[in-house]
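Alright, structures below, take your time with them.
Presented sequentially are two complexes of subunit A, the first with subunit B as partner and the second with subunit C.
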Partner chain A sequence: MIGPELADIKLLWPELVLVATALGLILSASRIRKGLRASTVTLVAGCASILVYRWPLAEGPRAGFENMIVVDGYSQFFKVLVSSALILIVLLSARRVETDNVRAGEYYALLLLASVGMMFAVSSTDLIPLYLGLELTTICSYILVGTTVEKRISNEAATKYFLLSAFTSALLLYGIALIYGMAGSTSFEAVASFLSDTEGENSKLILVAIGLIVAGLAFKIAAVPFHSWAPDAYEGASAPIAAFLATASKAAGLAVLGRICISAFAEEAHLLSLILATMATLSIIVGSVIALSQTNMKRLLAYSSISHAGYALLGLLPGTPEGVSATMTYVFVYVFMTLGAFGVVTALGRRGERIDGYEGLARQQPVTALLMLIFLLSLTGIPPTGGFIAKFGVILSALNAGYFALAVLAVACSVISAFVYLRVAVIMYMKAPQVEETSSYPLMVSTALLVSALVTVIGGILPGVLNFWEAVPQ
Partner chain B sequence: MQEYIGIAVSFVLAGGIAGAMVFLASWLGEKKPSEAKLAPFECGETPFSLPGGKLAVKFYLTAILFVLFDIELVFLYPWAVIYRTLGLTGLVEMGIFLGILIAGFVYAWDNGALEWQ
Partner chain C sequence: MTTYPVLTVTTFLPLLGAISILLLGNQRSARWIALLTTIATLSATAPLYWNFDKSSSNLQFVESVEWIPAWGISYGMGVDGISFPFVLLAALLSILCVSGSWVAIDTRTKEFYAALLVAETAMIGLFAATNLFLFYIFWELMIVPLFLIIGVWGGPKRIYASIKFLIFTLSGSVLMLVGMIALYQASGTLDFKELTITQFPTEFQGWIFAAFLAAFAVKVPMFPVHTWLPDAHTEAPTAGSVILAGILLKMGAYGFLRISIPILDEALQLFLKPMLIVSVVAIVYGAYITLVQTDIKRLIAFSSISHMGFVTLGIFTLNQSGVEGAILQMINHGIISAGLFLCVGMIYERTHSREIRDYGGVGKLAPIYSTLLALFCLAAAGFPGMNSFVGEFLIISGAYETKMWLGTMAIWGVALGTAYIVWLYYRVVMGKTNAKIENLNLELSAREIATLAPLVLLVLCLGFQPDLVLSYLHAPVTELLTTGGVTQ
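Our next item is the complex of A and B:
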């Protein structure tokens, strides 16, 4: 008879769709000549994985694979978010794959597998599958960062990313090993009950273990002091891949941190919130201040993503479901506005990489400039856009946790970052064009830009319409 | 400590026999040195070169393919020992695992990883 372990595979419908497509692409990689065909297949798979996200939830939240995987509203929220990011990135990659001479089959298969890793990680209620999922994602990402083989800067970025990421994966594993050594299990439930029974014993070892695990996860979301890889990796990678690292990968990292805070390490909430508050403070300050001096657009967006990681962490400080919910909203809006900004960089091609390239954009391509303005306003956190609602929620939850100084700091740094983002807007609208007009970009890229802009604006005007299905873990 | 005497004896015997063979070969053996024979043995690679020199990537490709099958064996062996108790579930799971692994191998073959060029 087929055992219950195998029947649990029904819980993983979205992942199965993506894995099957990735295997198909890998098997036919040498016969794929046209990038468009592979990207269409990937798009269909992405949409299918969104359509089936509810199937495993039919009978409410369920756990499977000996309680290692759980399917609940929280996991499915992030799975849909990862799938949406995947779809938009496939749309953005349309031209890059052709011009950069990248093998399409492998490129899309790796994107699919990286997304599967993230989905697996956000569903995990055990440290081992969590680690496996994150590793699948990062191993695919190393290759994706280095896909533009001819460019030296891309090779350098992939090497740096690989070395630093491998090192922090070791930290994460060491933390998991220490937890296993003390609790005798890696499941969140067992770890939580171990922590509530200890009553002050082993407190130093617990501090080290939690610190190591949080450090490993902080690397994935590029929070200071584990951020140094991000600007280099984003600059070297092609713009769609940089967007993938900045959005989907960061969303998955935050989802995992959120679940760990609220389930496994709930007993150590005070300690955890101290660590997270330190990282959030540093990320917000460093990200906003260093972004001031950037001349490369991808590096600017990298530092912006670092400060946004800090803001998203604010929601996790109180260790309550409301706080996690604020972080979920933040991540949702952040994914779309950042994808949009990277989308404009992609659409403008070589011109979009430097900030000078935006001079006079409003006169040459008014629609692109307007879309970029929407994303920049949202990244700053100015009211009619989703960025404001998101920032408001997380700062409120920092106040609820009693971090008044940190909330004031977050608002102050918003002002600094306003200068960073609005400088680009000024360059677009108030300078005379320096560069010749570039050719128009494919329909797929403009679709992605429009969808991101739509979500960013609707998220600001009618918050709660788009992320109605968000649910925090129990 | 009693039980370690046997191990110590086998250490001494193994070291003695191996050492004797090396010594006898270099004492009694005929020597016709040539440049190629005197070069350190390094699996077909040039043993010494300056850093920054080029490496043939094909050796590493073969090594990675070897790892693919090595890992397959690591999982197949314990499965083979208890496959009766695992029953049909185990068979199906192993089928999925092998299917994915073989897809990777087919990819490598299809894209010329096995051609020694």
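Our next item is the complex of A and C:
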């Protein structure tokens, strides 16, 4: 066996940029008084990591570190997505960090490290670095959720999130251990060849192992029945952090699932497809129905993110590259429209947390209301927004996999969620304002909103732009 | 030939107008920008009119650009004789909507006209789309501005009406989405022409037909999914009602002509009988319900159900005169109901009442108004010399060709239609002047007369010279009925 070469480090350009920045921020944390300086540094790091994403790809897809990490179009797509989410979240955090008395250096360092964890997870081709990457992300996320130390609800959310997450991480690890016990290796390649050789032996153990691993990952993407942490965690966390959990974290989880589906567990596609179809069905129903009764905007978006996890899973059902590509489109669009919606919540401050707070928004802040309308329409999946294109792709995958009834159910539930989202639109446009005008929000927040809105609309009008990017793992 | 992509320009000019209103306009200039945009849009259709080849059943002015290469979906625009009149109607009605809302809409005018123009883009785009994907996009795009127009500028029960409208139409259209994706999955294309040639298994066709039926039936609206219509039409501001009755209702019937008949020809035979029965039920039941209404706007809204019953009856007779009559009648109903809703809106602005009992003797106070209203009422009743006489005549003769009793029921519907509209006119315009409106100035202003004039002209022109529309229909309808596998 060849040891890890130093040259392999070149595969990790985007990660290196972020890690270096995070370390720098931690070292100088005590000296950072102004949040603005730390956020600028983080922004620059995020942009730099996007700029260098192509460097490792110069000679085509490459594996490194004893085949534990692979750099291909798929991993780089998600790395860019995670970095973009990071950038937008840093922009959104601008005000929160100032007002909530958060220690800026640590806050941004944790965000950076969490992103690095995701980047590792999406390029892993071995279960161990995958686990390490996901854990790095979740451990940083616990702290980020509880970052507003003064608020009890924030502490409570962090504790709940920690307890449930630690439990499911253990499940994931247990699944990995079972696989290692049977296959004698944790690399995707070895697992795949083991599964194709077994021919019916150990089938129950394989079922348990796959079930445990999928359960562990389902927790990260908040798919039913592993979703119960999401509403509490989102409600307790500040809006940008909730957005981070809902977008980047979920994108990474889905990316990992997608890669596992078509590489390591490709042999068990049928079983996997059944498990995923069940989770998708439950997530879509539970997410859209429970969202009906929410009065808190962050909880509403939490349930919306649960149902969207279900829709995104539809793309993985056929176990084909086209299906994975549909999920990639879905995740891409989802990240931006959800960030946009959370961005409006952030922009409106305290008013944005409650659904009543949106009353008459269209009269007081027509531009914000219009942007929110775009995000809501996209979440509903109404053309010409990106949400429609995304939904078209995943429903096509569901039909390709032969799940006709599930496709009908999915669109039927999208009518329910239409009611959920457009109720907010009704409140914004058709009710008289109750709350007095709030002060305008910083330039950084409006930049983030505009970028999200642009991506959401362009994703719908020129979906070819997205297809161009997507590269499915081989 | 023309040097610019006429249909694309026509479709997206209003959108451009909407964006410029949002960016530049203030509350005052918004309506001027909107008026100029809608007039420019209608003028942009002129090349269509001059260069249209009536003898061809093919799509004309075709534009096609690769759009989503991964799915093999292109951006395709084109019109044939069936869709061409609707493009013109949509462009014309949009102008009247702007001028009809000139003073009635006094709050948040900027947003109102922007929404109206977005709706115009959706209307024109829908009729010009040559593939199902684009058709669906415009279909859904239509919902949002109308939802806002009803919900923000509507009457007292506007929020209820707008949500009901949204949920009904969305429920139908998401099923259409599944149907569309299933068609795409089975054939790998969404182009109307290519789908027409593709042969699908009968059972599959049945499911797809049902999925599309859900969307089209809600829009038409067919009995029994019509219940959103009276609320939406009644609560919407005048311009909203005009768009709803004038164009939106036709989108469903147009869908039958574009998709259900040519593409799903085998399933059509299965669904034919229920469709005919439901159409007749809509005609008669709709007419009876209309008779007992006490709210003028609601009465006209309900009459649409009956009138659209004629349209679907004509379409599903599947013979030349029935289908041509149905398409002509769609145009006619677009013109007449727009006229009626505009008339109601104009008098409502002065009296602020829609109850019939608050009126009476309007004829003495407003002779010009009463004359114009009489004209639209007679047209709605299918009076000879007016446009819808020809349409109804063709539909009924088509219905007789199919089944005796269908035609008889339709005639019964015409009789009831005359009854409710004449009775409405009698109660509003004739008789003793109602004390509540005695001191009001009910006569129309020059702007309002100018708004109604094009419609009056069309009612009479199409009444005496229906060939203006029918000549466009012969070739494509013949083509539709032969390739649709109907004549076996």
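Throughout what follows, the second predicted complex is superposed on the first by the 468 of 474 C-alpha atoms of A that agree within 3 Å, B and C clash if a C-alpha of one lies under 4 Å from a C-alpha of the other, contacts with A are read in each partner's own complex, and residues count from 1 in each chain.
What we mean here is this: contacts are C-beta pairs under 8 Å (C-beta built on N, C-alpha and C of every residue); 3 or more make two chains touch, one makes a residue touch a chain.
Here the structure is a predicted model, which is why all the values come from computation and not from measurement.
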Exercise. Identify the partner contact of A:422: answer first if only subunit B is touched, second if only subunit C is, both if each is, neither if none is.
Key: second
Self-check item: Partner chain in contact with A:174 - subunit B first, subunit C second, else both or neither
Solution: neither
Quiz item: Who contacts more of subunit A, subunit B or subunit C?
Solution: C
Quiz prompt | Intersection of subunit A interface sets (partners subunit B, subunit C) | solution = none
Quiz prompt | Of all residues in subunit B, those that touch subunit A in their complex | solution = 87-89, 92-93, 100, 103-104, 106-107, 110-111
Exercise. Can you check the complex and tell me which residues of subunit A touch subunit B?
Key: 1-3, 5-6, 23, 26-27, 29-30
Quiz prompt | Complex contact set, residues of subunit C against subunit A | solution = 22, 67-70, 108, 111, 136-137, 140-141, 143-144, 147-148, 151-152, 158-159, 162-163, 166-167, 170-171, 174-175, 177-178, 181-182, 184-185
Quiz prompt | Complex interface listing, subunit A residues touching subunit C | solution = 325, 362-363, 366, 370, 377, 382-384, 388-389, 391-392, 395-396, 399-400, 404, 407-408, 411-412, 414-415, 418-419, 422, 425-426, 429-430, 463-464, 467
